[in-house]
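Below you will find the structure I want to go over with you.
All chains are identified by letter, namely A, B and C, in their written order; residue positions are counted from 1 within each chain.
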Amino acid sequence: MDQALNFESHRHQRRRANLTRGLVYYAGVGLLAVVMLYPVAWLVASSLKPLDEIWTNVTSLIPSALRFENYAEGWQGFGGISFQIFFGNSFVHAGVGTLFTVISSAVVAYGFARVKFRGRDLWFSIMLMTLMLPSQILMIPQYIIFNELGWINTFLPLLIPRLGGDVFFIFMIIQFIRGIPIELDEAAMIDGCSKGGIFFRIILPQITPALVTAAIFSFYWTWEDFLGPLVYLQNPNMYTVALALRAYTDLGSVNNWGAVFAMLTLSLVPVILIFVFFQRYLVEGIATTGLKG
Amino acid sequence: MVHHNRKVLILLSVVALLLLVGGAALAQDKQEMRLVWWGSQNRHDRTIAVVEMYEAAHPEVDIVYEFANFNDYWTLMNTQAAGGELACVMQHDYAYLSEWARNGLLQPLDPFIESGILDTTNIDDVFLQGGRVDGQLYGLSLGTNTQSMILDLDAFEAAGVELPAADWTWDDFDAIALELHEKLGTWAYGSPTLGDDQIWTAMMVSLGTNPFSADNTDFGYTDDQPIIDHFNRLLRLQEAGAIMTPEEASQYSGGPENSPIVAGSAAMQYQWSNQVVAIFAAAGAERHFKLWTMPRPADAVGAANYLKPSLFFSITADCAMPEVAADLINFFTNSPEANDILAAERGVPVSSVIREHLLPSLDASGAETFSFLEMVAQDASPIFPPNPPGYNDLRNNVWTPLFHDPVLYGQISVEEGVAIFRSEGQAILSGN
Amino acid sequence: MSEPAAVLTGANQTQEEALRRAPTNSRSRDFKRNNLVGYLFVSPWLIGFFLFGFIPIAISLYLAFTNYHLLRGGEWVGLANFERMFTSDIRYGRAVVATFRYVLLAVPLRLIFALAVALLLNTKRRGVYWFRAAYYIPSVIGGSVAVAVMWRQLFGGDGRVNEGVINTLLGFMGIERLNWFGNPDTAIWTLVLLAVWQFGSPMLIFLAGLRQIPSEFYEAASIDGASGWQKLMNVTLPLLTPIIFFNFIMQIISGFRVFTQAFVITAGNPLDSTLFYALYLYRRAFNDFQMGYASAMAWVLLLIIAFFTLLNFRLSRLWVFYETKEG
């Protein structure tokens, strides 16, 4: 009896210890989450604050009143160019760029993964080695070439090179294709399918998850790309959102911080949306390609 | 499923192609006339309004405009020149006009004056001089400017400090600054600009020398002592709290509207005369500011002020419709309605008729600027020759990072800094 | 920045794996060699590589030995660019120092943070999924101009009289406010903290690595009576070392490419204390148009990166050996 009681209280203690440990744990990770997300929340809150409150009640996350005019005013843009133009440019840049990248990468990946041809291993090694190349090496001669071609101030220098695919995505898709049982190919080949037919009928449907991952990464890297547009797009009418934001906050004197924060917030919306909807792909993409490949 | 996928793929490629073609079409030069300038938001707004006014009067002309801030602008123009893609009409600067004209990138305006498109009858020749290269006019100045010291009269009065003489020296400035600071507790001078490269060139002008040698391969002076004296003065004033330290200055980013003199935490600040408007406006009508001449070195032979014909409009060499371009420049120069909108934002207009037209409508800052320029014109030093090639390199890679900043941060002595400026500067100039 | 870096980390790791594997990948007994079809499929990359990779690389190498200026042209100058870089260009020295300083501060801090949080999240507790997502958000948006501007304003206020959030919070805590962007010692910290804030990607990679540690190892340790700390030191960390080390080197490499943040937040100021390599190179090329000199700088950058990559290959071989011996 005594022993049983003792045992009971032990369990009680342990359970209580577990409970406190759990509380401490959640308090800890919760606090960290607050710290991590505070800057973003601050940005969103500032984009909605009345103008006189943004810097006077600077740490607050709750606007005393919601001022949606910040968004309307910010949308006007600058120099007579509204953010509609900038967002349009960014969608062309990121959308078309992603399309080019993903389609080409899939085709090239299939070639390397499933077709045997003379020099394949050599080209494959060369391709992987280009991953190491800093973009700074290519940037200057590419600029000179595109300048000669009269492509400055167009999207061509930012889009055309993407028709060659992206080595990282090619590699990722190759790994994915290697996971598809070769027997499927062989069966199709017996049915008289050409290599192209196998690609479209067998491989393409199977690698959709890899393509989605590639598309997501490609879209949001391109959306956030700054250096490329900075080098090639000089006419404000061609600015992407990233360039426009820099110019907008760099004009010397920002007087309407509400409008600035509103546009900063708005520029993050596509990226956040992608994150929310495709979180699994993103996280898996990093975790798996990061480790296994 | 399989066929579906293929269709989607094909559809997407077509869409991509269309988007690309669309993007390329957007980017192509249209048959319209292009106009480019640099400036602030204020200038963008005014210029665009005038462009629209011109278009309304000339429905057959469609003006496509581009703009940038000053630093980006020259990067942009140089790359466009390299690519043969210059706009028809470009805003130009005195510093680069002759280089561009001699490189054959601009076309002379004299034919349009002869043909009557460009009317210069009301423009005093003094204001055309700066736009001439080898005897031909390559740029029409939209306004004349000069450096000016803005004095906060209220602060001077509160401190009981006398206004300086018109030909005051930097030593006078020194004494006044210390006294202002002592009496008011604020900064006497509130901007990081007291050691900028334009103070240096103005100093050389008033000493009667040019910053650069005639062939642009070296500096135009051998005695660094005035610069050493000036920076020692800045260090002293910094130490005393009369001017900002560079650390403090870094907190004031942004345009003239954000200056400490506007906030009342400084009593003086130098500014190009066309930017004065912004400061007066931001400070409000109840404040009393006055424009003053720039201080000169102790052994100056002339004023530190010179008249700078600035913000030229030029027509580029490959412009396909130069008559329209000249007509647009004429509109900016001679149309009273256009100048009502422009409101001397680019400087005091060169046409005497326009000046008279604007006078009654001027606000306090405009009137002050106009009369200040009139006063300076009596005694101004002649402007130095245009900057040599490599000037930006000199300023951005030598003056500021190797001399100005390390000296004012106290990392190196003034003498060391000046020596570095001279040797590194000569290395750049000797390449010309 | 962190995103490409993090994924490239993975890419390089797998790249190395693939290089080892590629030649032996010949299981295709019933695959006939098909040169035409093969080249057809890889032609997009091949053409792209030739036009936008190979030719530019050749041009760049040539430019590195000229004083080519976009507007004035140039001529062959031999090794003069490299001489200038290492002997007379004061700002180049500053850029290298600033970059190393940044890398040595940001990379260890970021990885320690990522590892600590990964250990914290490596549990079956409920809701961990959401915390992982929350910690990852800064990394998703972190490379953008929007976040860079936000970061600048967090530390700098409105650029007039008003303090930013950070200084206001410091004020609440009774700590003296800092002039973040005016002091060469503090300006770099704004960028370091931004990098640390984006620990999400290495965290995910660590998490995936932690999951791969077989639970038997921990059970064995428990039977031996090991405490949580001992398990961490004797099981977790040794088994994670290859990943830690790999991340470390790869993050160093990516540190040499940091551009946007320094461009937007500090612009290299003050006193060139944040004039990072990529920023200085960009300015020489596209503000001064000294494209010959900038190309030479790019090749030195390649050498630096190649050095670290080689180091990585060498050392990772050691680690792999170590691991197989253990297992």
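The rule is short, and it goes like this: a contact is a pair of C-beta atoms (placed from the backbone, for glycine too) under 8 Å apart; a residue touches a chain by one contact, two chains touch by 3 or more.
Treat the numbers as computed from the prediction; the structure is a model and nothing was measured.
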item: Chain contact topology (line, ring, star, complete or other); value: complete
item: Top-ranked pair of chains - ranking by C-beta pairs in contact; value: A-C
item: Where chain B and chain C are represented by their mean Cα positions, the distance between them in whole Å; value: 40
item: Distance between the centres, which are taken as Cα means, of chain C and chain A, whole angstrom; value: 16
item: Touching two or more other chains - residue numbers and ranges from chain C; value: 70, 157, 159, 286
item: Touching two or more other chains - residues of chain B; value: 75, 79, 82, 254, 258
item: Interface hub residues of chain A, defined as touching at least two other chains; value: 147, 254
item: Interfacial residue positions of chain B with respect to chain C in the complex; value: 71, 75, 78-79, 81-82, 245-254, 258, 263, 389, 392-393, 396-397, 401-402, 405-406, 409, 411, 420, 424, 427
item: Contact set on chain A toward chain C in their complex; value: 22, 25-26, 28-30, 32-33, 36-37, 39-40, 42-43, 54-56, 58-59, 104, 107-108, 110-112, 115-118, 120-121, 123-128, 130-145, 147, 160-161, 163-165, 167-168, 170-172, 175, 182, 186, 195-196, 199, 217, 220-221, 223-224, 226-227, 231, 241-243, 245-246, 249, 254, 257, 260-261, 264-265, 267-268, 271-272, 275, 279, 282-283, 285-293
item: Residues of chain B defined as touching chain A within the complex; value: 1-2, 5-6, 9, 12-13, 15-16, 19-20, 22-24, 26-28, 40-41, 44-45, 48, 66-69, 72, 75-76, 79-80, 82-85, 254-258
item: Contacting residues of chain C [partner chain B, same complex]; value: 70-72, 88, 90-91, 94, 156-157, 159-161, 179, 181-184, 269-272, 283, 286-290
item: Residue ranges of chain C touching chain A (in the complex, touch as defined); value: 3-4, 6-15, 17-19, 22-23, 27-28, 30-35, 37-42, 44-49, 51-53, 55-57, 59-60, 63, 70, 117, 120-121, 123, 125, 127-128, 131-138, 140-141, 143-147, 149-151, 153-154, 157-159, 162-165, 168-169, 172, 197, 201, 204-205, 207-209, 212, 243, 256-257, 259-260, 263-264, 278, 281-282, 285-286, 291, 294-295, 297-299, 301-302, 305-306, 309
